[in-house]
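Next, two complexes with chain A in common: one pairs it with chain B, the other with chain C.
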Partner chain A sequence: MNLIGLAIRSLLNRRFAVILTILTIALSIGLLVIVEQMRAEVRDGFYRSVSGTDLIVGARTAPVQLLLYSVFGIGDATNNISIETFEQLQALDEVDWAIPMALGDTHRGFRVMGTSGDFFERYRYADRQQLEVAAGREFDDLFEVVIGHQVARQLDYDVGDSVILAHGGGRVSLQQHDDHPFTISGILAPTGTPVDQQLYISLAAHRAIHIGWEQGVQRPGAGLDAEEARERTEELRPDSITAILIGLTSRAAVFGLQRRINDYRPEALTAIMPGITLQELWRITGLAEQVLRVVAGLVVLAGLLGMLTVLLTTLNERRREMAILRANGARPVQIAGLLVFEAGLIAAAGIVLGVVLAFVVQGISAPFLLERLGLHISASLPAGQVWMVLGGIWLAGLLIALVPALMAYRRTLADGMQVRN
Partner chain B sequence: MTEPLLEIADIEFAWPGQDHNVLELPSFRIETGEKLFLFGPSGSGKSTLLALIGGLVRADRGSLHFAGQEVESMSGPARDRLRAEHLGVIFQQFNLLPWLDVRTNVTLPCRFSRARAHRAGDIVKAAEALLAGMDLDPALWGRRADELSVGQQQRVAAARALIGSPSLILADEPTSALDADRRQVFIDLLFAQVEQAGSTLLFVSHDKDLARHFDRRISLPEINRAGVES
Partner chain C sequence: MQRHFPPIMLLMLFTSLPGILIAGELQRQHGAHVHGEATGSLAMDGGEIHIELDIPGVNLAGFEHPPRTEEQSETLERVIADLESARWLIADPRAECSIEKIEIATPGFERDEGHDHGHHHDDHDGHDHNERHGDHHDHGHSHDEGHHDIDHHGHEHAEFRIKVRLECSHPASLGWIDLELFDDYPANERMRIDVLTEALATRARLTPGRTRIDLR
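Here is the complex of A and B:
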């Protein structure tokens, strides 16, 4: 008994309405999948950046704020911490490594971070991966700079090019450190984290270009000239830095050290465990995510109701078709089954197309997210849980189809042998 | 005389929600192999009788024997199976699924009854033989049904009713959409094919002019005792 062939040919006959219905469902499914996938991918992307860091230390502030301005370049620090604090923390037994971060300068919208050589040696991201210099080498001379992958790519820079840093943020800055041009010594390999969006200079260089800037603007004639600065490299060190990334010898020490830093007497500090602070961040953004999910869910419902509308509308047009099938031996159950089968096929096609659509949209939006947030999003197919939701939606489609199926069932019983038109 | 193909005794039927019977038939028979003309103007209970014979509705009282079985006491699915296996139906018009080609329309009943498909043998060949027998141009066999004229569609419908040689062909005003010349040709072709298939024909019409072709003639208003609305 080849009823499936009949159903498919009947669908093909009404292909215009059917394709529109499939598209409606596909769009709604696509939205739902994108919301779910992006949420997961963005969380993943954030986590990649801090997965190798045990503690982040900054001046007393809200944990989420510290996390955002230190690692992700969102917002600015309100206070700095003194270099002595950094040195004391670095010397602790349980501290394996400590990376200083001196922020505040930019280059054409990209953040400039003053740091130490430890950054290249000890920083870990994603799955315990180390930074790699893809071209050139780390900074050696005082006025050398290492740039992230995206900085090089977007500004079309190469090793040996000269760059001028700007004081403060923003894409257009009126105050340039133009008395101290830097030479690019190296370009980092891509990491898919905000590391790609930054430029790196030594702490000494950070200090050197800020001599004479103590009031926030340059005092005329107060700066060091380059040669003088190079001679004094050893003694150049900033009074304060923005934040510290810390790796511990043993993860077990993290809670004790965090408490000790938070209670640190000489200076008001905040130490955060990045993983936990990210959870806090997700709790804050969770409401917006829930709203998005509800909206996406409602759109899916609208898509399914659209299918119901089409099935009910065609039911009248197809009264003749059903009477013919019935007169030729079809059972009422078979006719109702045809409608459910049709709905199942439409819903399945819509779901598959929606997943493909979401995949494509993710692929298209990935470069944008990489550029804006430094987040590496890979277009991915839904995870297991999302497939279960999609399966549930498919079942909902079948359930909805029971309405026209039941109507057709009752109608074929009532119509008798007549072909009504 | 052999067993009648169909025998109705003391049938009463009212549509649900109506308080009067539309059909009260003390007795009605169709002999095996005959061509019976049933005169049935609209409102005479004609469609109700056809629905009863087709096993689509159940009588309130009485019995209906068809092809050696008591239909009224059968379950719904069993009656559906009986209809698929033993009944070929031709309506006034709109017989065909417009989006199927002619051949597939003819083989449609074989999708619902394995017995009928078995009797037809090679169902595509059987369909083509019947289409040829109904004098339908082979060039049309692969066309979509809605590309055919009304007369051509009725011939396809007759071929479909006959496929797999069902015991009874129910023809419900099959010629009313045709003009007089085509009507005659259609009836001649139908008779020839019914005889070849060894089927029995119940031909319902309000057109008394056609009655002279048939073995036997019955007027439904005369045998139906239910009060018939005018």
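Here is the complex of A and C:
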């Protein structure tokens, strides 16, 4: 009978302790893989969300905050910028396009963005992909709304349905713009970015539903009725908007315009480059990531030490087993090899199980991230580098097994044959 | 927001400091001025590369006011000559780049408005610059970063503004650009360069041990 068969049978004989050891290693590996994978996936998700936008302009604020509230819907703006500033920026020679963003309203927890038709034309995500309307068309009438893929899916909406927007944020808002119901004119194709989590109306509509709301609540009778509003669409424009996405005609102009916007005299503005601001964000979160990695690494070490403990304790119980093998002609090297082989098998099983575990956890947490951040995280198998780390851990497992193997090598025969009391 | 992302709030504090220069109707605002840290940008459009650097005066010259002694005048001249020589700017030789234009401005180092090196600096809140500081020694503004400058003449911290335009014959082969502004200027501790190329939008942080901007 060969040694490998013997080893497997021996393991099966001690299956309870072995399974627990494998589970320990699997949990630690799972944690490590999740930390690595989620980090990469979340970063990809963020980078996918904005593409082709040279500058984002908002009221003077911290760059990261501007990026978070304009693109990712995290947090709120402290100030708005005046519409005149938007118009002046739009008119500049080096500005190819400018997308206005007027935020502040919601629909059942989803953000409503007042914007222009340029949004559908010019906004890019992932690898400079354009937005597509999957069903229906862009908004045309004043009281039409285009909704993101997730909004339609989660609220079960279809083209032609009527929706009422709420003033301010929150899932339950008592202040509804119920005098102006909107009709869904189109649903955007899925993008896997925060675009999926928003509703889009025209700037004029954004203004129209806020007439008479100057005090934060609607003055009775002060609102515009729908027909009147439609007739006056041309003159309806908001006084202020939340942010502007800008695309420039030449790359060389980006820094110059950024500086001019930051130095702009009439209004305190901040212009950011999305890519650089994201990088700044990672610089801080990077510290937390490193801590997580270290913790995950230590847990793996604990898992391997657990395996060592099990191997060492069972070594005593297996004195007789080893002695019988020796008596039957197995050489000490073979006994040592047997132990190393066992450890390799346990470690490999733990690693495979851990990867599977991480895969499952990612799959379970994906909907949560999609709902909270609009980030589409796919459960994926580890990338090349992670496999190398896992390979390293497996080798470490083999190295650790050398400890009991050496002990067995030295004492197998004499130890096992001696009769003790 | 605060609930979910407290570290981000901290980050905002730091990232909000640079790049904010002011003026006009908003009169009492000041850009952050960090001694020792220079900022800049590098934009690459086809074979054309635009580099702009803002380096605090103290980093290169050791002072931030119009020169008062012979020695300071000489130092200033020497620094300007060194900057104009562009010996500190080294591009990947494979790209065969040449310097088309180099402009050095030294706002804050001039004794009077008028003899500027290169272009004139845009004087933020330049409304009453001369009369106020020249005649009354009146400090109309405060240094917002809590740095106590005893200099009553300096209306703002003097700095070197460098603009370089490079033309490269083989821009696709350009792997890096070195800025060797550390060895000769120990006070120049850090440079933060925003980089924008076809493939890249990144922030390079240069230190005496790391003078290379990677463009790949």
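Annotations
The criterion applied here is as follows: the second predicted complex is superposed on the first by the 410 of 421 C-alpha atoms of A that agree within 3 Å, B and C clash if a C-alpha of one lies under 4 Å from a C-alpha of the other, contacts with A are read in each partner's own complex, and residues count from 1 in each chain.
Throughout what follows, a contact is a pair of C-beta atoms (placed from the backbone, for glycine too) under 8 Å apart; a residue touches a chain by one contact, two chains touch by 3 or more.
Predicted model only: the values in this text are computed from it and were never measured.
In the superposed model, A:M273 makes contact with chain C only, not with chain B.
When chain B and chain C are set side by side, the one touching more residues of chain A is C. When both complexes are overlaid on chain A, the residue A:A91 reaches neither chain B nor chain C. Once the two complexes are overlaid on the shared chain, A:T61 sits against chain C while remaining clear of chain B. Per the touch definition, chain B reaches chain A in the complex via residues 47-48, 50-51, 54, 56-57, 76-77, 80-81, 83-85, 87, 89, 91-100, 108-109, 111-114, 116, 160, 170, 172. Put simply, chain A touches chain B in their complex at residues 1-3, 6, 9-10, 12-13, 320-321, 324-334, 413, 416-419, 421. Contact residues on chain C toward chain A in their complex (touch as defined above): 1, 4-5, 7-8, 10-13, 15-16, 19-26, 29, 41, 43-45, 48, 50, 52, 122, 124, 194, 196-198, 200-203. By the touch criterion given at the top, residues 60-65, 68, 74-76, 250-252, 254-255, 258-259, 262-263, 265-268, 270, 273-277, 279-281, 283-285, 287-288 of chain A touch chain C in their complex.
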